[in-house]
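The structure appears below as structure tokens.
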């Protein structure tokens, strides 16, 4: 028991992943070299994926690793490199406004944390295994029964985004 | 494990992302920060899905949707960024001010 | 016959409609022929009605629903009483003669048929007014009469003076009309009826002649005393009469109304417009009789008007204007008569006056027609050139001056003796002085126009038969109609007081000394006029000797000017002030608010720097504040 | 006959839809469709007048279709909206008025030569909105059509006005928009206040919504307000909300400046419709909602109405005296006459309410007539300025004659429609407010003053200024132009001479209405 929390495998994993996510996040904000930033970003995404898996959402966790840690991070690195002037990101550090922003963000987070603490969350009345079957089956059922239309819409959006991205990024002739 | 630690983690990650989105001068870092905020919300969704009164997969499905939308957003965002960079030869947020007054 | 009395106004209305539809396509003689014969027919019907009521007494009103309104429906209809039977005859007779006269007076005018159209409408309105059984219908025709006079006075609309006179006539009488309007409404509120017959019940002792209002709510409105309320309504009604009958202080429109064609003046002055006011007071006599204050006011206003107008008439240069002031003055006599309770004398004077005043105007019209001028001092010597006109004018002048046995003598004398015998000695003196003035000014006109040397190049001559016949008929009436009500055989009195109508008194008998005094006064006036203007023109000399008095009289006591400064100017000043406030203060505030919004927007837009992150930070602070407030309200914080 | 009101409202919309696909240059067919649409609607209005049960004070031709239900409108209470039409003795004359004026305005619009299509489309929509407002029997339906009139007139002013049309159009939109907001607040408040005392739920409604629900249906609201009247407190604040809306809507002093600008900037047919019909809507709201549903508040504050009315009467009259532009003068004269109506409503007497309805109709006809005549004159002389006109009687006798009739009718000459309205409303107002009413009668004298001055200046005297220059080309009214004039004059005279043609319809309703307010 540390601070009223039982020390189990779960909690240990949670704390380690949290540490990874938060420290990587802070590093994304503070590092200036491109590659360092990209690495830190990968850390954040991986940590989040770990949390997902910890919560039994293995499929989403895998998707997270594939899309975020894989695709998006690489994309970002490319973009950073394409637009880079010199070695570092080359932008001035925090100014006076950053301080106020920090204050505002801190207040916001504090409020939310306070609310999270103050709320009495409903707890499952019957303690059953959360997921009696593999999550991927459930997701598939949900996605192709309940959420068929949104799912199709998302594909549309993705297509539109693809076309849009091409059109926008294309060189003007 | 309880719900609250996960929510707290989400809030903190969201705060970091928000701070980055509001202060960073580099447009790409801003985009990255936004991705982090989306991740924070995904943590929430998955956590609620896991700790719901009757656990179900809805939260996971929403998280998947979120990821899909985020991917689209990154694609379009980066495209805009590239077009902008070509136009102004800069990726500074402060140069994106054509909508002023 | 009295049940067909509605035909009398209907006939001119029919002619009006015919002329309205087809007027432009009918030739002048036909237009005049239709109109004159129609009104003559109406006159014959009126005679028949008169004979009917003389034998059978007045009829009950015949009414039709006009506006259904539960228990208090508004009605229209007709009714023949002794008074209005007499009025019907007078109005139709004078109108027929005026219509005939207009045939040659208006010959060749490009709107000849329009003129006859208006005249027919005028006659219709007056006849409708006379046979109205209730105040509402009375008021409707009363206003129509006003509009017709407006149209006819302004007939030559392209003359600025005519247009101004028409407008003045309408607006000044409108002031009186509003008084009458309020009076009618108050009477309706008190009694729940507009009917002349339903307004009163006998008040006081059983055989009393005094009427009182028939209050339908068993109480007087507004918590007033009954006598106070009667006085109030009577005075309001009287304000209407003051406006229409050109009594002081609303007399200013009538002399200006001379700008219309002369037949119109004859019609307005003799039979239609101005008679309406006197008729109203006569018709409402029970109400006035019930209020000593109101009847005193009527008498005093009448007396003042008689004297004031007569004194103005002394010095005017325009022939029609002199006669116009004489009308105002004579109307004052009538009001005085009704005010002192001499009901018959007032009506009788209205009747005789209608004849001799129409005569005077038509002769003046024929003089003007012959000479093309209205200035007295450019006339003269017409005695030889226009003998018929001369004789006719002389008859009219003698009647107006009150020389026996002409019509005016009998009626005016009755009024004066009634004033004296009812104890109004001051009024009597004023009336006597006015009679002296009257005799003087009308004979001043007579001598200036018909005696002396002929002036101007134009060759004067008599008009055609259409002009001469009315003069002869009216001349005869002006001479003889007085005998209808002599002290020896008061036929009209007997006729009017048939069945002892409620609230109407019987005139005191005339006395010989009073008759003698008024005859002497009239003769004195004539003699003075002869000595100043008849033998040789010494008018300027006299004017100089009178000094300030002459100036005052010549300028009509500056009443028009006083009104201009006291009423017209303030109204226009207020109007301009309100226009200013409207444009610059009220709308100014509105425009300022608009400008404020615009300027504010223009200024604040510079806060939009285009920096998305700045917006984001500010939004964040807003969000934090909102969440904090929401949590605070929810009791979480 | 059940659907007659629906037909009346729909036909102009159909006409507008038919005009839309036409070619922009197809003027003749556009005009014919517009004219036919207006005429057909007016004929249906006439049919409604003929089929109307004279002695019946209740709503007739009731048509009520459920439109929408909002389940959790306020604190869990459902809100139902119906698409409902019905007329009674107060609204039917105004529907008739709309019919007459809209046909005349459609004829007048023959003179429009540019953007004819747009003109007719917006005009048809405005007419439909006006019909809808007067025929509506549901607060939401009413509000819907009121907004239609707002938008349609906005575009009519904006596109077809004079130089400062944009200013005028936006002023119109903003003022009336604010009035609409207050009206909406009043409507919702009314529905909310009356829902709490619901006692009139029908069986089927009970099945659908339970015992407590808010209805916007006027008939239901009226029913409820009789069975369970509102307390004075609720009535009072609703009264003031409505009063404020009406003061703006009806352009009472000091919220009148938008009307002046609107009239000064609009073209003739728009002025006829706005001045003749739209400007009666505010007082119709007063009669329809305030008098019937809020009688206690009306009784408590009726002196205020009378005083506000008299202020408008006198202010409008004086401002009209100073007006140099005919349209400005007519606008102020309208304000002055609407003050009379407010005075009559304040008197809370059946006769006064009848006078109020008569005055609305009469003033509508006369205002339309005045605008028509003045517009026709301005078309020939090129100006509305009173000082620049003169002697038109000679060159334009018919127009001048009609102007005379219109002016005299407005002054309140017996035999024309203005008089019967004035006498009935003054009888009841004198009974209650003798002093205030006496001040009101001053308005009658002042009306004679300003109208005669302006009319004589224009038509009498020698020809001068613009009239003189234009004399060669100026032609008097052509046949198509003369028809509206004569028809309007005929109606003005008909009501003036036979007031019963209107009275029989109005009387039972106002009698019943007066019963509610103890008159």
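Labels A, B, C and D are assigned to the chains in the order they are written; within every chain, residues are numbered from 1.
The rule is short, and it goes like this: a residue touches a chain if its C-beta (ideal position, glycine included) is under 8 Å from a C-beta of that chain, and two chains touch if they have at least 3 such contacts.
Protein identities per chain, from UniProt: A = NADH-quinone oxidoreductase subunit J; C = NADH-quinone oxidoreductase subunit L.
Just so we're clear, the structure is a prediction, and the values are computed from it rather than from any experiment.
**Q** Based only on mean CA positions, could you tell me how far chain A sits from chain C in angstrom?
**A** Each chain reduced to its C-alpha mean, chain A and chain C end up 99 Å apart.
**Q** Rounded to the nearest whole Å, what is the centre-to-centre distance of chain B and chain D, using the mean of the C-alpha atoms as each centre?
**A** Computed from C-alpha means, the inter-chain centre distance equals 57 Å.
**Q** Could you state the distance in Å from the CA-based centre of chain A to that of chain D?
**A** So the centroids are 63 Å from each other.
**Q** Please report how many Å separate the Cα centroid of chain B from that of chain C, as a whole number.
**A** Between these chains, centre-to-centre, one finds 92 Å.
**Q** Among the residues of chain D, which ones contact at least 2 other chains?
**A** In chain D, no residue touches at least two other chains, as defined above.
**Q** Listing for chain B: what residues touch at least two other chains?
**A** 18, 22-23
**Q** Which chain C residues touch at least two other chains?
**A** 617, 620
**Q** By the document's touch definition, which label belongs to this structure's chain graph: line, ring, star, complete, or other?
**A** Its topology fits none of the listed shapes; call it other.
**Q** Output every touching chain pair, sorted by label.
**A** A-B, A-C, B-C, C-D
**Q** What part of chain B is in contact with chain A in the complex they form?
**A** 1-9, 11-20, 22-29, 31-33, 35-36, 39, 42-43, 46-47, 49-58, 60-61, 63-65, 67-76, 78-83, 85-86, 91-92
**Q** Okay, in this complex, where on chain D does chain C touch?
**A** 171, 253-254, 256-258, 260, 315, 318-319, 321-323, 350-351, 354, 391, 393-394, 408, 411, 413-415, 419-420, 423-424, 426-427, 430-431, 434, 438, 441-442, 444-446, 448-449, 452-453, 456, 459-462, 498-500, 503-504, 507, 511
**Q** Which residues, counting only chain B, touch chain C once they are in their complex?
**A** For chain B paired with chain C, touching residues are 18, 21-23, 30, 93-94, 96-101.
**Q** What does chain C use to touch chain A in their complex?
**A** Where chain C meets chain A, its residues are 614, 617, 620-621, 623-624, 627-628, 631, 636-637.
**Q** For the complex, give me every residue of chain A touching chain C.
**A** Going by the criterion above, the answer is residues 97, 100-101, 104-105, 107-108, 111, 114-115, 118.
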